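In the two assemblies presented below, chain A is common to both, partnered first by chain B and then by chain C.
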Partner chain A sequence: MASSTREQKKLMKKMTKEKRLFPVWAVVLCMVPGLLHYIIFRLYPSFMTAIYSFTDISGLPGTSWKFVGWANYKEFFVLQNTRDLKAALGRTAIYSVVVTLVQNSIALVMAVILNAKFLRGRNFARSIFFMPVILGAAVVATMWKLIFSTPTGPIYLLMKDVLKIENPPAILSSYSYAFPAVIAAQIWQHMGYSMVIFLASLQSIPEDLYEASRIDGASEFQIFWRITIPLVWSAITVNTLLAIIGSLQSYELIMTITRGGFNTATLGMMVFATAFGGGGATASGGSVAGMRQGYAAAESMVLFAGVLVVTIISQTIMNKLEAER
Partner chain B sequence: MKKILALLLAAVMILAAACGTAAPASNDGGEKPAAEENEGGEQAEEPAAEAASGEVHVLTWSNAATVDFLNSIVEDFHAAYPDYTLVIDEVPSGEIDQVIQTRITAGNVDVVSFQTFAKPQEDWNKDQIDKPAWQQYIDEGFLEDLTDKEFMKVYNQNTLAGNEYNGKRYSLNIFTVAYTGLFYNKAIFEELGLEVPKTWDEFIAVCDKVKEDGRYTVLSAGAADQWPLNMFSNAIMSANYQDGMKEMGQKLLTGEIKHTDPEIMLIYNCMEQFASYLEPGVAGISYSDAPGRFALGNMAMYADGAWSAADIKNAGAEFDFGYFPLPGVEARADGLDPQYGIKYDLSFAVPTNAPVKEGAFAFLEYISREDVYTAFANAVGMTPTQDVKLDNEFLNSLSDGLQAPCINAEMYIYAPKGVGEYGSAQFSFLQLKALGGPFTGAELAEHADEDFEAARQAAESLND
Partner chain C sequence: MGKIKNVPFRIFCYVLMIIFLFIYLFPLFYVVNTSIKSAQDYMQHPTAITRTWQFNNFVTAWNKADFGKYIWNSILYTTVCTVASVLMSLLLAFPISRKYVPFSGFLYFLFIAGLFLPNGMIPTFQLILKSGLYDTKVGYMLIMTGVSATAVFFYTGYFKSIPKELDEAAAMDGCGYLRYVISCVIPLSKPAVVSMGMLSMIGVWNDIVSSTIYLTTKTNYNITRGLFVFQGQYSNDWTLTSAGLLIVAAPLILAYIFGQRYIVDGIMAGGVKA
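And now, the complex of A and B:
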């Protein structure tokens, strides 16, 4: 029995070797650039961020700094205004949940529509929907600021002239509407990315399955629910995790649209403001002087811990759901 | 064949990685301040060799008149100093602090622009505030000491002394600026029979008259950016308490007086009245759009600093406009008409790691020449710090309000570190219900007090 297993393994190894396009050493060498990039630009900075979180480093090169133990963490949890910290954490959670759910829902619907063979110009449409992904945050922010500007922006004019609202609110200066507006901009910018992942997954589903189900009399909704969703579930898992991680860390659009003011400061925004300064960018919505990269690093580590926990929980849930399906 | 192909592919990939990750071994400034003691930190590097020629990068914020003028002297500067070419790097006003930090860190800027060196961390407040960025730059040796430079001697020494730090001058204060006033449309004032107000009650009466007439916007500002409107909570303080705000600002920080005390509540009351005359939707009007809206000619008053006169003209204003200081509730004790609050505006500093440092000094020398300086002051409409005669009609019209100017309250109002949202926004117009915010003035004052107290207690527990 043992000898048979050994022979099977040997045979498998031989077959695998014969099927290889390139030798192992070539594959490893090809991985070197990616690994180098990962180590130099991801792993090393992450490691140093953890180290810096225990220092009072300012961020200006060549200047003095020293280890301060847990002082930065103590300051984060003690000195930070508790009410505002809770509010910022709450906003971070809302931002992440709404972006993840809405972005992926719209992206999936759009992917299904743009995967339909009868649709003319669908490649062009895919490009259009993907285009915001390649735009920089500054471009997206400028565009949305124009859309929401007062009193000449289209949204303001729509509210005033079409909806006949007497004193339409200035959306991006509103304590109620600025945050939803930033979320909308985030979804608009990143929806195309999720859509492309869904499209790739949809295109791998064999057409026979759809034809067979139609012959069996399944409705379009049943086909979508019973065939499409289960077969793109791995894409849903990937997109969900990407959206959760991306939105938890996100600060670019908040920085460029509201600078963290008007109840839009999230934890990611706070980290940026602490390191580089910014008006209306703390959890408190107030301005900070910046140049406290040691403290910013401590905030980053708190954010990292939060992202890690949320990611592990999400992945566990998604894997469980996938297994059930 | 497969092996050769694999070898080639791998070689290309490694080469690509090497190209992508190798840091250029340039010596164009590098990153480094003057030598400082390092407590377990990085060893300060030696200064990079300074170039004796090349591009002199001047970093400044978006003020159209300033940027236009600086760009207009590029050729003349090159003629005067053939070794150097001036490059003006303009960034949005709201981003200047971050860009200064990143450019100094990168060591690729020769002249940086500051406004004023205000609110330093000192013994009395060291537990309550962080060091402002400018103080960190100086303390860490990132800014050149300009005190003994020849070009500094042509400026009004008393004025320069006001921006000293530790008895040294780390920036060349090109201008001061009056910015606690309102632009007004002279044609509208004349048509409605209005006079420039000398007291707060007269100001309110002017606003009421324009409002009753109904044809014109009473008052506006670039409120979406917040700071342009918040200048006027400071203006209200300066109009009422002048330099007395220095002591009041310190006492607010230490808790000796409260936001809810009557003298501070007067400020909140005036803010609410002021806000009630601002045009609907003002909270969404961006600062960049605001001067152009006044220039259209259907607005009676526009709240902005005097520096915007050039922008208003450039926006095509075809009417006469003037500028008057916001008045206080009570008449001044010295019997003078309302006076402006001022601050240092546009101060040039030279980073110690500037790659073309001598070029930076050459630029400062050039800009200080009387003819160049006079043209600069005329172009931007700010108050000169050299004793030169200007032909800028608008600037000369401010002289009555500059007989006894005070340093504007903005330079005296602190917020303790770690303070909550409402303490941080203690005098923010956009927190007021009148402009879509959550509070009345009295409520904002109460919340600001609560946040200040919480921050003080947290700081104490942190220090224990």
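And now, the complex of A and C:
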């Protein structure tokens, strides 16, 4: 009996082996280009970022470089003007928190509204809200630069002629208003993305549940708070994490709108500016001197560690909140 | 089941939707409006509805910003990178999902791990610099091509819907592996391929960061760089910038109109990995 099962197993093994239908060499050969590209342009650079963060390598070709130990990290945390460092880290935190909260709140409310069957034009609204996601940083940045432009832009003229503000600020070259403007552009661009995730989650809630609570006399606000929020909690978690991670790392809009000037540089923007110069997306593309890529790699590692820690903390908090519900 | 109509709530919903539609549509209309104004009209009444229909702006912008040159570069970059990305990801994801190669599980893990690794921007730059590919079309396309974890993840899920018996039948009939993938697997997973392809196209077309880093010669510029020609240090020519903006955005908007479902699916797949 025992031997027959063993034989059966052997036979099975042989059969499954024969089921490997295509020759392995052909399959592997087809995988080689993708695998090589992934190793060379994804895994290797990630790994080397850690190594380079201990060197003084520059972005200029033909210059020598050496290992400098923890010097870059020391410079970042200790030697660098602490006021500047605090300001940049503070801005990164504000950027991330405001974007996450505002973007997700608007997205959730919009998703709930656009999920209501009676609303005409809701499909149109959905398409419009999602569109900026595909338009990309260059287009969105240029659009907002036009809206905020001085002295012919609509916002400037609104402040001057309608609200009768004397000497209204030039928003994008103002040390206090440029940053909120960039945050607004970021939220404007990505709200539709969060909204679609919420909509997918909302559509899985059975309609009867709402009908029943309405018959029981629940107000729309109560329904939102007691039924919708708990049932889309997993989508809230996903959206929160995505927004936190995305906003901590993103700098495309900052780069294209202000080039990191006027107190808008977050840590992600600093990495870019340190590595490739402050010259942002100008037509001349000017590469400014001071491409300190070793130092930029260290900044990049700090950002990476920050994102990791924040992600773990927020994941824990979200899970705890869910458990309490 | 009597439907309970809550009129104030309905009005509230409409008002909120209309407010946000305004916030989203106003910039778009404003750009369109500005793009067809004559320079003089813009100087006098920058925010008013246009009195002129200066379609000539598009021609001027096209010529002045060298869009004629950049657009061919962008088409080249977009096509090559998209085809390469889609093919490479497919040829990786298929055997991994079918476990046709040893260490499939490990390979899958390797791609998912890529989502959590630090940004490799600086070593990539060093690599391109040292290999002499800096400021070349080939170098730029190598950067913009990508086997993303998203794609591998997305395809792997999709391939489960293709019955394994089909592989067996094809192999039995002596169909070669590459031919099988190209003539059977790709057509059968068309929605997934279109989603990922469109995602890649949008990414390459919109790129401004890598283009700024890697391309310094104007003959290599992609189309988004043309947008910044009119945005000078001190003055902006907003009518031409708006026209240029619409030229860059037009293919995106067209793609969105015709392939909205695929685009949304693809982009969402990138996000909802958790």
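Criterion: the second predicted complex is superposed on the first by the 262 of 325 C-alpha atoms of A that agree within 3 Å, B and C clash if a C-alpha of one lies under 4 Å from a C-alpha of the other, contacts with A are read in each partner's own complex, and residues count from 1 in each chain.
Here is the rule we go by: a residue touches a chain if its C-beta (ideal position, glycine included) is under 8 Å from a C-beta of that chain, and two chains touch if they have at least 3 such contacts.
All of these numbers come straight from a predicted model, not from anything done at the bench.
In the superposition on chain A, A:99 makes contact with neither chain B nor chain C. Contacts of A:74 after superposition: chain B is touched, whereas chain C is not reached. In the superposition on chain A, A:183 contacts neither chain B nor chain C. Look at A:197: by the touch rule set out above, it reaches chain C but stays clear of chain B. By the document's definition of touching, neither partner reaches A:267: not chain B, not chain C. Legend: residue contacts after superposition of the two complexes on their common chain; A:254 is shown touching neither chain B nor chain C. Look at A:63: by the touch rule set out above, it reaches chain B but stays clear of chain C.
Touch counts on chain A: comparing chain C and chain B, the chain ahead is C. Touch criterion met: A:173 reaches chain B, while chain C stays clear of it. Contacts of A:48 after superposition on the shared chain: chain C is touched, whereas chain B is not.
When the two complexes are laid over each other on chain A, chain A has residues 21-23, 26, 30, 33, 37, 40-41, 57, 59, 61, 145, 149, 153, 276, 280, 282-283, 285, 287 in contact with both chain B and chain C.
Remark: chain C residues 1, 4, 6, 9-10, 13-14, 16-17, 20-21, 23-25, 27-28, 30-31, 34, 42-43, 46-47, 88-89, 91-92, 95, 100-102, 110-111, 114, 116-127, 129-130, 134, 142-143, 145-147, 167-168, 170-172, 176-178, 180-181, 202, 205-209, 212-213, 215-216, 224-229, 231, 236, 238, 241-242, 245, 248-249, 252-253, 255-256, 260, 263-264, 267-268, 271-272, 274 touch chain A in the complex. On the chain A side of its complex with chain C, the touching residues are 19-24, 26-28, 30-31, 33-35, 37-38, 40-50, 52, 57, 59, 61, 106, 109-110, 113-114, 116, 118-119, 121-122, 125, 127-139, 142-147, 149, 152-154, 157, 188, 193, 196-197, 200, 211, 214-215, 220, 237-238, 241-242, 249, 252, 255-256, 271-272, 275-276, 280-283, 285, 287, 293, 296-297, 300-301, 303-304, 308. Those residues of chain B whose C-beta lies close enough to touch chain A in the complex are 2-3, 5-7, 9-10, 13-14, 16-17, 20-21, 31-33, 36-45, 94, 97-98, 101-102, 104-105, 130-133, 136-137, 140-142, 223-224, 226-227, 280-286, 289, 415, 417-421, 423-425, 430, 436-438, 451, 454-455, 458-459, 461-462.
Chain A makes touch with chain B in their complex at residues 21-23, 26, 29-30, 32-33, 36-37, 40-41, 55, 57-67, 74-75, 78-84, 87, 145, 148-151, 153, 156, 167-175, 259, 261-262, 276-280, 282-292.
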